[in-house]
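Chains: A, B, C and D, in written order; residue numbering restarts at 1 for each.
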Amino acid sequence: MIIVMKDKAKEKEIKQVVDRVEELGYTPHPSRGAKKMLIGIIGDLNREELIDSLGAYPGIDKLVPIMEPYKLVGRSFKDNTSIIDLGDGVTIGGKEILVMAGPCAVESEEQIIKTAAAVKKSGAKVLRGGAFKPRTSPYSFQGMQEEGLKLLKTASDETGLKVITEVVDPRDVELVGNYTDVFQIGARNMQNFYLLKEVGKSNKAVLLKRGMSATYKEFLMAAEYIMSEGNYNVILCERGIRTFETYTRNTLDLVGIPVLKKLSHLPVVIDPSHGTGQWELVTPAARGAVAMGADGLIVEVHPEPTKALSDGQQSLKFSKFTAMIDDLSQIANAVGREI
Amino acid sequence: MIIVMKDKAKEKEIKQVVDRVEELGYTPHPSRGAKKMLIGIIGDLNREELIDSLGAYPGIDKLVPIMEPYKLVGRSFKDNTSIIDLGDGVTIGGKEILVMAGPCAVESEEQIIKTAAAVKKSGAKVLRGGAFKPRTSPYSFQGMQEEGLKLLKTASDETGLKVITEVVDPRDVELVGNYTDVFQIGARNMQNFYLLKEVGKSNKAVLLKRGMSATYKEFLMAAEYIMSEGNYNVILCERGIRTFETYTRNTLDLVGIPVLKKLSHLPVVIDPSHGTGQWELVTPAARGAVAMGADGLIVEVHPEPTKALSDGQQSLKFSKFTAMIDDLSQIANAVGREI
Amino acid sequence: MIIVMKDKAKEKEIKQVVDRVEELGYTPHPSRGAKKMLIGIIGDLNREELIDSLGAYPGIDKLVPIMEPYKLVGRSFKDNTSIIDLGDGVTIGGKEILVMAGPCAVESEEQIIKTAAAVKKSGAKVLRGGAFKPRTSPYSFQGMQEEGLKLLKTASDETGLKVITEVVDPRDVELVGNYTDVFQIGARNMQNFYLLKEVGKSNKAVLLKRGMSATYKEFLMAAEYIMSEGNYNVILCERGIRTFETYTRNTLDLVGIPVLKKLSHLPVVIDPSHGTGQWELVTPAARGAVAMGADGLIVEVHPEPTKALSDGQQSLKFSKFTAMIDDLSQIANAVGREI
Amino acid sequence: MIIVMKDKAKEKEIKQVVDRVEELGYTPHPSRGAKKMLIGIIGDLNREELIDSLGAYPGIDKLVPIMEPYKLVGRSFKDNTSIIDLGDGVTIGGKEILVMAGPCAVESEEQIIKTAAAVKKSGAKVLRGGAFKPRTSPYSFQGMQEEGLKLLKTASDETGLKVITEVVDPRDVELVGNYTDVFQIGARNMQNFYLLKEVGKSNKAVLLKRGMSATYKEFLMAAEYIMSEGNYNVILCERGIRTFETYTRNTLDLVGIPVLKKLSHLPVVIDPSHGTGQWELVTPAARGAVAMGADGLIVEVHPEPTKALSDGQQSLKFSKFTAMIDDLSQIANAVGREI
């Protein structure tokens, strides 16, 4: 970290900062330029702590972090991409692009089993479906809760698909863990640190969605929370960020794929359904994702989107989903991947 | 809600939508313009449900909501500003602007008691202090937990100040409730719906912070979650939103004060500390807040900001805090309020 | 347009609005719902005018536009994608994806001629290069001006490449037009309406870059400015928008490709260089663009990026550019296009 | 500037960068930390040039600027706030808060003269009014052009008010200068550098509006453009930035007042009309502006907002304007200013 002193910082103020750095256990490296006095601090720092503590000194102009704040998620911890094993030969992070598909919410046994069979046929290996739904309005359908989890399990048993479902409350981690293969942490909970710690104590895979206004750094720090509890099976999921543009539900940050893969060894998944909010845009977005190196896709598919209790406007019908996977396999081949 | 059909929507597609609206229990009002076919739906609608369900019809161009989605938080539910009673004559929403002040985190008995005495002397009626800290890094100080709650209680007993502290986990609502007068829900948890429901079951006041990328509507819908569980003692807190500008920690949306007061009857508080992230900007921001009609302020104050374990850079020293309150009382008088 | 009256609007206020609508020459269609009074206005409206005029009535809650504001740029004006002819068989909007490449700024005869030869060899058909440079700092290199235009012409004559270069001042449109085949309007000038009108009077193709905080609608309205002067040869260029994320120079909105192509018949080009700001991200971004249906790419290429006077950090070396085009041709084939 | 090398940068790559820095005429100061190799460059740098040139080196992780990029606008160039003289004793930057008011657009002689008289009576010293209007739609009223300028002059002659009006085209600077006392540069033209240079050659005051997605730095660099041409009479105007919130027309960044005054010596004006887009929010926003230290206000006032050709929804009637100024004078007194 570089401490930049104000142009008019007095000697006394500089000394205070130097002393404080030493008191915190670091070695300060002052260096006087033509106009600016800088104080470098080298080594393994706790950046948030330093900023909180040093930021209050009146002689300081600004603090400039040099090192990245994350440890376990970074490429300097592990150089090659992590391959995460979901069991029975289903993995993510390798040559094959993993497809997760299913309805936004589990609504009935018929709905989920029908969907599971259909998406499996088209190439999906993981069934998605929400049992606990975080909804903007308290008056909207909140999900089938445990009943929904049981139906997911039934669908999984019948088809052999793995299951991913969202957990929203730290109290439910154990319950949800009894039924799912992958925990999904939703965008609204990306910085629900107690929930992150709770799934971090499990050893099941966790798909962590990027918060809608989270920077890459904050996103990776949230993954760090999970990993710091011992669970290294973390999958990053870009699902659109919030910008001034409201025509689409979110702005899908596809360039996040190469960025996250440059900064981190964790696999990266794209959610083209939430990322766009319109079923007509799901296939184009998924095409971009595959071309740009995504390790997986998570897609909303519903037997009858016009009857969906949630997210119908961004769900694909079975026939559209099948057509999309066909498209994607061509692109996957063109970029040396498989789907 | 107005359903706008595509220019090229076929009669069959229009009929499908009309039928679906009826099936959902509403009365459709089709109306054909020069270029557009519109279908109105009148009455008490569940907007999220309608959008989810109708959004998937191929003949529909867009859905235009007309009514606001909230009920209990709105001015149509209650016209005059809610005055919330925190006990012992401390209220918010009336002529007096309520000042809440204290350190970001409770760090020690000495720190919190010294601060409580100082802020009381300057005019604060509520002591703030975090015991459970949501931090960006898992390696940073996470708060003193229950020990911190006890120290807040001690400081409250000694000074007569009311207490506000953050609750971050639904499992802790009961515990925190034993020590605090006001629950604080942080910006990162604004859409942690299970936590909102949990404090909604209490009858203690809840200060709800706006999420850093939450629209006014989403903010008010989060308050609706709390109220829909029966707890009407909700205080709205604007604490800065995330924008492209990174010079300040957040962009403090002071115009949110008159907007929220126009849309809702709930009292509105400003947090100039998180809103700016720099102690030099706290007083100017607070001045604006008072001039623009805020019902309260929540301010970070620390005996020695340069030694703070958290947020030192945006905390005021006692002397600065006292000077600020003096300033603010002049402005409060000028706008017909008291502080 | 739908006028939504306030819940408490008085009869007199409703009448005022109805009268005003008639005075403006439209037919009002009042309709009373359970809670809301709505007034519809049907037909060919000037939306901006109506909003400006009606917005001031105290009884009005809000104005909800139904029709899109653009005429010439929209799919309802022209259904099939426009193919724009740049001369000598070079077109954009058809099956072939047009590649435009070259340095950010023209720096010397050697630089531009060397680059022209190299990009032509790799498949580019248009040479880009700035002669008038809009720079953030007045102390930075501002471009070679007319001298630069002449060098572009020389390079074009030697290679047969078409030329695209930016025009920043309405006074220069004629001058620049003497040397270029395509006018480029930069993001900072997207709403420089006098400049738009000036190039609108020409019949040369115009590549219009999206402003960094322009919505799709504003972007298309800027294109409408050019077309409304009679020049229909407009090419839309997405080059990244400004968001809270600062790791990349901009956030490249690749989903804008299918959105713009849905709303408009104009061809869509992606600028992966400005869109990302980092040469390592240019190829991944371009891959996504091709997979998602872009009609063209505009890419910064420099013989020696480390010596560039402008944008070196996002420029590709010749070898990287060649490798990228090879990659892209695989993806283009996979999606039924050519490059 | 600090150059941060990649963790794996080779000696050869480090040497290349050191050599290049020397070649550019600066002295590199390499310094090896525990994990990172840093190279400092001290002195009077052209930051944009350095970033453009060094950014392309493969061994470089990132470039961290330390010095601010502006010279003439900064507090290190001039410490005390600039007081700008508009003639006849009208100044901005001193104790008195300058009020500029008038219609969005000049529409007729009666309208502008009536307004001039009314706003003068309430305390305004400068008359605003647009003759050249940048409108989102080419089909909207584009202003009265030179005819409008003449009417402004007439109104000025009759009332003694100074005049501010927008110039949008470099070709019009001379013409507009014949009629106005202050040039207004609109938000959309903040980075229209040729226009900035043109008004920079004049010695009339220039009110520069912040672009809707401009950072403070970019805003100040645009002011630097004007000053670098010799015109030091620059007034900064915050008029709202673009964020995800669409309820208000823009998000008015009132904290920008203390920030800009900390970074720069130039006076700061707030535009509460464009900043909010709703006449009901104009007075609250102006109250905040005065409390937070604004040096001036620019407000839209219209004799009959419901008949306005432009921006009626955000214009105040005369009576509301008078009431607002009364309010503001109370607040001004409370903060040691006058209005």
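Quick note on the criterion: a residue touches a chain if its C-beta (ideal position, glycine included) is under 8 Å from a C-beta of that chain, and two chains touch if they have at least 3 such contacts.
By chain, with names taken from UniProt: A, B, C, D = 3-deoxy-7-phosphoheptulonate synthase.
Just so it is clear, the structure is predicted and the values come from calculations on it, not from any experiment.
Undergrad: Measuring centre to centre with C-alpha atoms, which chain is farthest from chain A?
TA: D
Undergrad: For the chain pairs A-C and B-C, which is connected through the larger number of C-beta pairs in contact?
TA: Of B-C and A-C, it is A-C that has more C-beta pairs in contact.
Undergrad: Using Cα averages as centroids, what's the distance between chain C and chain D in whole Å?
TA: Computed from C-alpha means, the inter-chain centre distance equals 26 Å.
Undergrad: With chain centres taken as the means of their Cα atoms, state the distance from chain B to chain C in Å.
TA: Centre-to-centre distance between chain B and chain C: 39 Å.
Undergrad: Roughly how far is chain A from chain C, going centre to centre by Cα mean, in whole Å?
TA: 31
Undergrad: Considering chain B alone, which of its residues make contact with at least two other chains?
TA: Those would be 213, 242-244, 246.
Undergrad: In their complex, what parts of chain A are in touch with chain D?
TA: Interface residues on chain A, with respect to chain D: 2, 4, 7, 29, 31, 33-36, 38, 40, 42-44, 64, 66-67, 76, 213, 242-244, 246.
Undergrad: Where on chain C does chain D make contact in their complex?
TA: Contact set of chain C toward chain D: 16, 20, 46-49, 51-57, 69, 134-141, 168-171, 188-189, 191-194, 197, 212-213, 218, 221, 224-225, 228-229, 242, 279, 305-315.
Undergrad: Applying the document's contact rule, which stretches of chain A touch chain C when the two form their complex?
TA: Touch list, chain A to chain C: 213, 215-217, 241, 243-248, 251-255, 257-259, 262, 275-276, 280-281, 284-285, 287-293, 327, 330-331, 333-335.
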